[in-house]
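Here chain A shows up in two complexes: once beside chain B, once beside chain C.
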Partner chain A sequence: MAQATQNQIRANSSQRSLVIRNLVAWAGVVPFLVFVILFLFWPASSLITGSFQNQSGAFTLQNIIDLFTPSIMNAYMLSIQISIVTAIGGGIFGFMLAYAVIQGGLPRWVRTALTTFSGVASNFAGVPLAFAFIATLGHTGFLTALFADKLGIDIYNLGFNLYNFWGLALTYMYFQFPLMVLIMAPALDGLREEWREASENLGASSYQYWRYVALPILWPSLLGSTILLFGNAFGAYATAYALTRTLNVVTVLIGDQISGNVLFNPNLGYALAFGMIVIMAVSIGLYTWLQRRTARWLQ
Partner chain B sequence: MAPTPNGKVAAVKKKINLWAWFWILLGALYFLVPLYGTFDFSLREKRGVLSLLAYQNVLADPRFRDSFTYSALMALATIVVGLLLIVPTAYWVHLRLPQVRPLIEFITLMPFVVPAIVLVFGLIRIYSGPPLALTNSDPLTNFLLMCGYVILSMPYTYRSVDTGLRAIDVRTLTEAAQSLGAGWFTILFRIIFPNIRAALLSGAFLTFAIVIGEFTLASLLGRPAFGPYLVYMGNNRAYEPAALAIISLALTWAAIGLIQLLSHGRPGQEQVGGVH
Partner chain C sequence: MAFLELTNIRKQFGQAVAVEDFNLKVDRGEFVSFLGPSGCGKTTTLRMIAGFEIPTVGRVAVDNVDITDKAPNQRNVGMVFQSYALFPNMTVAQNIGFGLRIRRESESAIKERVDEMLALIHLEQKGPSYPSQLSGGQQQRVALARALAIRPQVLLLDEPLSALDAKIRVSLRAEIRAIQRKLGITAIYVTHDQEEALSISDRIVVMSQGHMEQVGTPFEIYNFPQTAFVASFVGTLNTTTAEVVDSARGVLQIDGARLETAEKLDGRQKGDKVTIAIRPERFSFASEQKKANVVDCRIENITFLGSIVRIQVSIGSGKYYMDTFNNPFLELPKIGDKDQVTCSREAVLVLKS
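== the complex of A and B ==
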């Protein structure tokens, strides 16, 4: 009886010390958690709650409904269109480059050069990137002048305009396809030469190799990367702001709202940001999920 | 005579090679033409001759020096605070809380879900009124901006630190240090930090590249940083913005070049996007 009680006490105290040890272990990550709560989760969730409140603080769905007014829907549509166009365009171009340099039998230095360029270009964005494209393809830019002087062609007369949708897409592509190169490289490295040789030995055509071997392996990572590129363009603000003030993508609309309350309703502004968080969360979530699927092949 | 199998393989190889070169050429054009165009444009401030006048104007502009110094100091503060926050956390998770790693990884992905423009919107909403009215004073707004930058650079810093910690034997190093009587402070600053130096420097350079030209947070928090200065020049000058773009590119290039030098091709160091 006494023995049993003693065991009980011992078990209790060892359980307690385990709890204490766990608490101590958790204490080590508290500063980090406090920081991200203060400067990331609290601000972000305040926008989410704000988008379900009216100006006096009561619960409402009106802001979400108001997102479907034409001016705001147009901003979302524009953002989605530019993100899809540059994600698919940048995705295809980036994939071709990565494939060329990894599986195309080119000298090693070409790959090193491409990786370095891609690292720089995917980080060379925002305001300086907009300036570079204005200096190159603006009304008096380098290429515009070159075409006018040497060929007598005015590209702006032919319908090109750096400050419209396609100009912005061309500029976004500059940071989109290098990102594709960087994230597709590991997946393409995992594509083994032996698989192609084996399928050729079995009499498969190039089409059959791609249809039945390479693409089934690559598609999660291709799709995932394209989705990441979508999110990358969707969240871009500085490039669009510095290049054009006439294309109202969602980020530019949010920026205007922050600096001047152009919607005349702060809570509608929060709903605008909430919509962005939802779209970004879906794309980053899909990307992470597809990336995990790819990881299996890369062992 | 039918071609030998070897000859056929060689022909296929050659065709692939030609295609590969075609795409690389196209890629090189896309990369280089805007850079060359910008450089050429930046030299044309003086009518009819090539000159460095735009660069001279920029370098002589006190606002350039002030805003650049401001952003460089901001980058430095972000690097120090970011590393002090993330290295001990990542170390602790490696050593004592491996089960928490997915949660930490999830959290460090969150800055991708909350883009800079949304983050600054939230920061302004929380910190521009009571109880924590940080935006009423300049030093406190600087502090808020720095915290925002720590969040923006967190995915990159965490990834480099995590890669660095995976490459060393955290447990053995810690136990060896402990058995020699070292405290936690000594272990962190005299054992762990020096051993993941290369990873820390990679994270630091990338943070520098992100913060130095950052526009969104700085502009909407109304701070005199380099990014807002760039936009101001873009609105008021023709050739100086091109010179500034070339200067920014050189800085980005230096930061990325140093990262690649430090990681010399080790996997896991590739970075996913910056702040646009």
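== the complex of A and C ==
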């Protein structure tokens, strides 16, 4: 009897300590949850709600219908195109760079230098980046002038233009490829040398190793980082805004609708942002589907 | 004619010599182990056979064909890695069939061979599983099947069991040996585990600091170690310095005790120092009939090791181990007892200096 009571007391005590441990663990997560509710769910829900309201707060579908007007559709297309181009371009360039320093047998200091640079460059965007490119490759930029003065080459006469689609893409690439380097470096580190040796031992060439082993193993990381790069470019605002006013990407349109004095229509701005959320959700859905199909071994 | 031949192999990494003066002939179907501590050059030698390292000097030949300069994917050599190295993105069946797929064999031929290999390793049901869904032992069996699927001329195994727990190691090494015998394939096995090497091999190459210390059957390596390194590395061994008393009759002296050896002491003079070795199990307590090699001792310690009992005795100022079978009906001496131990003349090994 006494033993049973003691066991009961012990069980109660261990249950109490478990509850306390759980509470402490949850307390640690509270600041994050508060942050997410205040700065993600709340703004997102008010943004979605606002998309279906007119300026006096009444329900309307007009903002959503307006998204399909040619100028807005063009803005979406432009944003998607520049995001795809810079995600793929930055992805390939960043991957090759990461491969060269991690698997290519270059000295260790090159890797350290590249990752440090990438850490800084991947966060260097907005007005300072646009200014840096204008100062370097603008009409009177340093390199433009250098080419003209020293080599007699006017790059603008040769077709280069910093202020068109490809100029903006080039500028975006500056923060896109370093992000790829940062994401792919650990993934490439995870490629074990034994896999290469095993495939060679079984008769595979270098191409066959990459085709059948390395790329399929890296595929989830490649796909994930490309989506991240896509989202990174898709959400960029200040760089496009500061570099060129002739290219109306969606984020610039949203800015015009929310803070502009001519096109002021915040609810249309919310609808534009809602459209971006839908596009990103579709992209992530596509990514998840592709990953499930191609990387069953991860599940 | 040897099937696998390594001639005058030397491998240098910068200034460091990893392997030197390595000569070995392996017969077709033979199972040879490279045994030695970490950094002794055994894996480097294996990798030179696989083609992952090129010898600085020397020649590797299989079936009388020089493969020294051939790329790894041009050699028909199968390798099993310590860390399995299974491709995580492929199923077990795809892993096993990978080499055949690279060789552009037909789908039906690949399937037939994969099924054959799965049956060989007793994992018939695991074909559709991914490596991450298998235990370590199962993964290593798949790695073995993958290496064998391409019908290699030589099978190389680089410490294949070292990542597994003790029980699985023992069962899997027996399975590896049985498969190797069944297929009659020439195999080179790298290990630092002497028990593994002794139990599995036809011959053992004991290596130290890039050199071959001794090549021989497990019986020879264990019972007749030729160097102090082999003696100390393989099994437990009592080694000590003895003084030559009578080289013609093989009489020695240790710590005031007289010992006779059956080995020749040619060229040794009275008073010369030699290193001798005696296995613990070759000692026994002296019976009254025993006349030679009987020495006084004191019992210092007794350790129960299951099937054997290890008794530490002191002879003069030196301490020696003596192993005796565990017999619950025999009384063991007590620590501090004075007694006499003996060993045969053949048990006293004189090591090369």
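Here, the second predicted complex is superposed on the first by the 227 of 299 C-alpha atoms of A that agree within 3 Å, B and C clash if a C-alpha of one lies under 4 Å from a C-alpha of the other, contacts with A are read in each partner's own complex, and residues count from 1 in each chain.
Criterion: contacts are C-beta pairs under 8 Å (C-beta built on N, C-alpha and C of every residue); 3 or more make two chains touch, one makes a residue touch a chain.
Please read all numbers here as calculations on a predicted model, not as lab measurements.
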Exercise. Report the partner of chain A that touches more of its residues: chain B or chain C.
Key: B
Exercise. Kindly classify A:78 by the partners it touches after superposition: chain B alone (first), chain C alone (second), both, or neither?
Key: neither
Exercise. Examine A:249 and indicate which partner it touches, taking first as chain B and second as chain C; both and neither are also allowed.
Key: neither
Practice problem: Once the structures are superposed on A, label A:268 by its partner contacts, choosing first (chain B), second (chain C), both or neither. | Solution: neither
Exercise. Pick one for A:227: touches chain B only (first), chain C only (second), both, or neither.
Key: neither
Exercise. Would you please give the residues of chain A that touch chain B in one complex and also touch chain C in the other complex?
Key: none
Quiz item: Where on chain B is chain A touching in the complex?
Solution: 13, 16-17, 19-24, 26-27, 30-31, 33-38, 40-42, 85-86, 88-89, 92-93, 96-97, 100, 104, 107, 109-127, 147-148, 150-151, 154, 206, 209-210, 213-216, 220, 227, 230-231, 234, 238, 241-242, 244-245, 248-249, 252-253, 255-257, 259-260, 265, 267, 270-276
Self-check item: chain A partner contacts - residues on chain C that touch it in the complex
Solution: 50-52, 71-73, 77-79, 81, 83, 85-91, 98-99, 101-103, 130-132, 146-147, 150
Self-check item: In the complex, chain A residues that touch chain C
Solution: 192, 194-195, 197-205, 208, 212-213, 216-217, 295-297
Practice problem: Spell out the part of chain A that touches chain B in their complex, as residue ranges. | Solution: 25-26, 28-29, 31-32, 35-36, 38-44, 46-47, 50, 93, 96-97, 99-101, 103-106, 110, 112, 114-117, 119-137, 140-143, 173-175, 177, 179, 182-183, 185-186, 228, 231-239, 241-242, 251, 254-255, 257-259, 269-270, 273, 276-277, 280-281, 284, 288
